[in-house]
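Comments concern the structure below.
Order as written gives the chain letters A, B, C and D; numbering starts at 1 within each chain.
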Amino acid sequence: MTDTNAKTGRFHGLLQSRAIWPLLALALILIVDGIISPNFYDIRIVEGRLFGNLIDIFYRAVPTAMVALGMAIVIGTKGIDLSVGSIAAISGAIIAWRIQAGDPHGVVLFYAVGAGAICGMWNGGLVAILGIQPIIATLILMVSGRGIGMLINLFYGGTNPSFQSDLLQGLSTGSIAYIPTRLIVFAVLFVVVWLVLRRTALGLFVEATGGNAAASNLAGVNAKLIIFVAYVICGIMAGWAGVILTADTHTSDPVSVALYIELDAILAVVIGGGSLAGGRIYLGMTVIGALVIQALTTSILISGLPPEYNLIIKALVVLFVLVLQSEKARRGLMTKLWGKA
Amino acid sequence: MSALLNKKYLPFYATVFVFIAIFLIGGAMYKNFLTTRVLGNILADNSFIIIAAIGATFVILSGGIDLSIGSMIGFVGVSMAVLDSMGWNPLATAVLMLAFGFAFGAFQGWVIDGLDIQPFIITLAGLFLLRGACFMVTINSVPINHEWADLYTDIKIRLPGKGLLRSSAIVMLVSLAIGIFVAHFTRFGTNVYALGGDKESARLMGVNVRRTTVMVYAVAGLYSALAGVVYALYTKSGYPLAGSTLELSAIASVVLGGTLLTGGVGMVAGTLFGGMILGLISTLIIFNGSLNSAWILISSGILLFAFIVLHRFLVGSFDHNRQ
Amino acid sequence: MTSDETQNARVTMRGIRKAYPGVLALDGVDVDIYPGEVHALLGENGAGKSTLIKVLTGALPRDAGDIHLEGRAVHFATTGDAQLAGISTVYQEVNLIPAMSVAQNLTLQKTGGRFGVISWRKARIEAQEKLDRLGMKLDLERAVGSYSVAIQQLVAIARALDEDTRVLVLDEPTASLDATETAALFDVVRALKDKGIAIVFITHFLDQVYEISDRITVLRNGQRVATNMAADVPRQELISMMIGRELGEVEQAFAGRRRDSDGDIVLSAKGVGKKRVLDPFTLDLRAGEAVGLSGLLGSGRTELVKLLYGAIRSDEGTLEMKGGGIAGTNPRASLDAGIVLCPEDRKSEGLVGELSIRENIILSMQAKQGWLAKVSRADQDRIAQEMITALAIATPDAEKQVRQLSGGNQQKVVLARALACAPKIMLLDEPTRGIDVGAHAEILALIRKLCAEGLALLVASSEIDEVVASSDRVAVLRDRRKIGELAGDDITRDNIVTMIAGEDD
Amino acid sequence: DVTIGFSQVGSEGDWRPAFSKNMQDEAATYGVDLKFANAQGKQEEQLRAVRAFVAQGVDAIIIAPVVVTGWEDVLEEAKDAEIPVFLVDRDVDVEDKSLYVSRISADFNLEGKIAGAWLATESLGSCKIVEMQGTTGSAPAIERKGGFEAVIDQFPAMEIVATQSGDFTTEGGKKVMEAFIKSTNNLDGICAAFAHNDNMQLGAIQAMKEAGLKPGEDVLMVSVDYVPAIVDAMNAGEANASVELRSAVAEFIYPVITDYLDSPTDLPKWIVIPSDLHVAN
């Protein structure tokens, strides 16, 4: 056996950086897009905002990225939250309901995000206080949350009520200085989450709890409280995703809004280098993960292939990204390429 | 006797207790509920979920997870139906499908261990891949019309009362017995527990982690494929959307049955009752029948919550000699 | 070494090299192990002992070098292969499956008939035989994880004692055992030696080295320093080979100097206890005083310490802090009150393996300050660096993941975390488990120094000599009950042993 | 009073919840005690529901099947228990037609045809079309696509240039249309958008407006369901046509069943509920 470390040492710094692989995947997807659709990179200004496929990828990735940020924190505690889609549905139903009831729209926004926080408290309570396994604890809200959304709609007789709100629609589909507002909303949320996590000790506590809850507890970290807070943050982010998605179509559709968003969010976290075994949170990388997924979705939509192919392509690309990211796979490959030379 | 009172069986007893309790409560609330007919229905209607869940129990015991279950059921179903329409014998297709399930599972296991990628994600890719493959096979629902399929569905054992033990329930009970044997009385089974208990220790204690991981997912794939065969024969058709989100029901069955998602702790027999509890919840709601769609969803959640809390309470209150 | 000797060796290792990212753990190590001998492998924390064992037993791939077993070149891909070839190993961090029963742990991968079918009746008999060999009585059906670390250590040893073993490897098997268990283990080891089994033995207890081993190999910084017959190396020389300098003065610095217990009472436990865990006990801790806690395995030392810290909630009695406050409700409150705990089981209760050394060290301190007042990165780096220097933690930098440290260095990180909180009361449960001679002396000296500065100290230890050497007062436990205290000149090995043994029967 | 068990597919889109609600609200009027079960799009849940209805001993069973296949065994069980079965919505594929009494429903395939025919007339048989399909593999998606294509295949100059699945949701329709807009360079040369339901069409309208296009003028918009929201869009000139799939169908269904229970007679195997075309003016 020879030492491959020395030979590849020059690349080492580059290859060691976690960020490189998801970014590489993103770049590859975009290059392929450019080949299948010649005017893919065009960016114009339409109706006072930037317009084009590239903008679309950012634009459409926002809800997934929001949920994924919250998910990253929950996963950091070694948990998982399956109920994020349902939370978004509840928050959307509340928006339609309270707007129909005539509340000021700023207050409605507060209710919607607040509902997310309350859902997060419910999940957090089940996991942290009752000690129920996260996947099952959040399954409860996942199952019943969309029912709650439908029920809220039925309160005032609507099945899938639509509404008009300059404020909310502005947040979702509007633009400020050519930039889609939702990107700005997302940027603000990202910065807030980042500050809360990294400028305070919360991030360390979350990671410690996820790494070894018993040890953290003995070290004086209130592990239960930390887990609880993680689910609340996740709920708030899901509430925001509900706002963006519901305002996008200005319709509350609890059955199908944000369907399977939990899977995409978890995928984003993992593509961003997070481990479901807990212990580490990478916020920036998670956003890149969400972009990879959305770039993929957008490419499938513009590819012109029949929809039967969507899932297969998605699966293959996801596999490709994961293999690219797997250190073990790369090491194996390198020994094959250089090791035997 | 002391072995029976062993602490580790507590979650299992609690699950059985909860199951019996709901069955009795349902009987008190609705007429015709507490009958062998309903019991027979629950066994048959949940058979494929429970079969898949037995495989999932192995995976979860080993500390992993398998999300490809539902798609595997769908894929096996459409493949069987399409091959049937091409004149294949159902028995031959069933064997082929079981082999495929085993191989596909083994492949997932190999990627998980060999490339060190998290099982949640690999099997999620498996979920997409197999569901996508369903659409490649056909986008229509295709009937299975072979006489052997009729023969299979005609196998029924009468229970006292009006109940029937249908063929799918029989297959399920047999595969459960095999699952229990493999998990608790073979070296492979013990290795699975060891792997889920502490992977690094298991490795140092001489467990072949690679082989065990591959085998665990292969077994899970085999069980999912069997669930797919049972599902296909149960509905005598294949449908590309069949089995969507069944993996969640399967995982829920496993966990309700007392198995810890973190691995290493649990019993295969618990999965049977976990699955039947889910079936009971649905049946109760149908017997009620007066709820609208919104309340149907909400009450499934509430019932699920109630059972989990009851279960925890039972386990907790019998287990007072914990610190 | 003549080639003749090499021929007879059961295991020969030549030029073994192993690098971790950033660390060359083994750098061309040669070792021969002969049948019927106990070969002690010594060296500082992080010298590479455990790594060598892992390479030998197939737990880690080697980068270079050859291993021959009875003359045949071997290349184990897994530990299972090594087991099949007759190498039984007890690794350093207790490696058992906590949730599985004692019987299952003892027979995992070692029982099963055709098609791997297991008869649990037979397996239980096999398990019982293994326990009998060490004279242990345990509930075979109970989960191994519910036993104390020491019992687990014994189970791991029992597991390794196979009939057809050719080579037995023991990596710090006695780290948490007390004298009785160690004696029982040594009896078995001698019996195995007489049967011609080759035994590799790693420890930091030099007394034990001289008691049992025939040959000694010393490693330092991944290189072999020397191999000698045990009888040929005097103790002082051995120590300087290991740590590369003389130790003498440090060891003398505190021996035999007890202080008067005249400090203020800072923590006072009155009738604190919990049913089925520990009978109510009364104990005062004073500033500037070190109290030792002695007792047999399972006598309740760990429980007592955890009750004081609030990690186990007591159901009777009161814990009064200096100035009248009530302590011991939960770890966080204790921390705020200035109490810290170093738990005995560093793997499951001590460290967050995924996090870096720095993060582990500042964790308690940060928890104490609350989540809003983040310790600045500069302070974190400074504190971590100070601790690394003060405790001589062997690591290239503070950002290394804790789980990548050698066992002894991990133990130091646990201590560092406690020290970083600037506590008033320190509760140490087996604080020197797996720490090398040099560091052991330094840590005891450090503890004494802190004590002199007014710290109150409670040290639970299974090494009676350590208790005798370092305590101003000793509390003795038996059968989950505190049976008495010794102070001043009464603190002698004999007195403690008599008390533990119990003169009433 | 008669007790009737109703196994509904799910609650996707605007149309189906309205259908469920209508059936539940109107039950009392026709002296029916309705046992409602929602299968959330899963056949196994429907089979469970039908078996539970049989076990419970209801007087009649209504099924809105998720898929056409796989019904033989349960229908036989219902027949053995002498409980008549009626189908609403889609069909079932069984050899022995005596297993159910009658199907009372609209015709998806016909809906597709109607939409296609309207478009052919409106575009004079020459049109490039973008299509938003329903959930891949679902019966309405397959049949509406089939009916629609059957018509436009008659016209050599009519062609579907892009098709994707919008999963029957507004959000899905919007996303798909956004992609179409980019891949066809602002719907350059596209004359019509056909959506398998109104919800997707509503999403598409939003996407087009956000891209500065004028749905209903630049592009002909035709879809299926005729829910209230599409009526508003048609009044605003943003949608052109929608084929009605009635949701207030209790009045068609209950009388047939109660009459049958009073005096069983042979009913036609398919009682078609008419689908009307609604065109914006």
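Convention: a residue touches a chain if its C-beta (ideal position, glycine included) is under 8 Å from a C-beta of that chain, and two chains touch if they have at least 3 such contacts.
Note that the structure is a prediction, hence the values are computed from the model and not measured.
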Any idea whether A-D or A-B has more C-beta pairs in contact? A-B
Which whole number of Å gives the spacing of the CA centres of subunit A and subunit D? 33
Taking the mean of the CA coordinates per chain, how far is subunit C from subunit D in Å? 70
Centroid of subunit A to centroid of subunit B, CA atoms only: how many Å? 29
How many Å are there between the centre of subunit B and the centre of subunit C, using C-alpha atoms for each centre? 44
Please output the residue numbers of subunit B that touch at least 2 other chains, ranges allowed. 135, 139, 292-293, 296-297
For subunit C, give me the residues that contact two or more of the other chains. none
In subunit D, what residues contact two or more other chains? 10-11, 17, 21, 136
Can you identify all of the chain pairs that touch? A-B, A-C, A-D, B-C, B-D
Residues on subunit B engaged by subunit C in the complex (per definition of touch): 2-3, 6-8, 185-191, 193-194, 197-198, 200-209, 264-265, 321, 323
Listed in rising order, subunit C residues that touch subunit B in their complex are 59, 78-80, 82-83, 89, 91, 95-101, 104-105, 108-109, 111-112, 115-120, 141, 143, 159, 276-277, 312
Sort out for me which residues of subunit B touch subunit A in the complex. 114-118, 120-122, 124-129, 131-133, 135-136, 139, 248, 251-252, 255-256, 260-262, 292-302, 304-305, 308-309, 312
In the complex, subunit B residues that touch subunit D: 30-33, 35, 37-38, 41, 44-45, 48-49, 81, 134-135, 139-143, 153, 231, 234-246, 279, 282-283, 285-287, 289-293, 296-297
What part of subunit A is in contact with subunit D in the complex they form? 37, 39-40, 46-47, 51-53, 56, 60, 150, 159-160, 162, 173, 245, 248-251, 253, 255-257, 259, 298, 301-302, 304, 306-308, 310
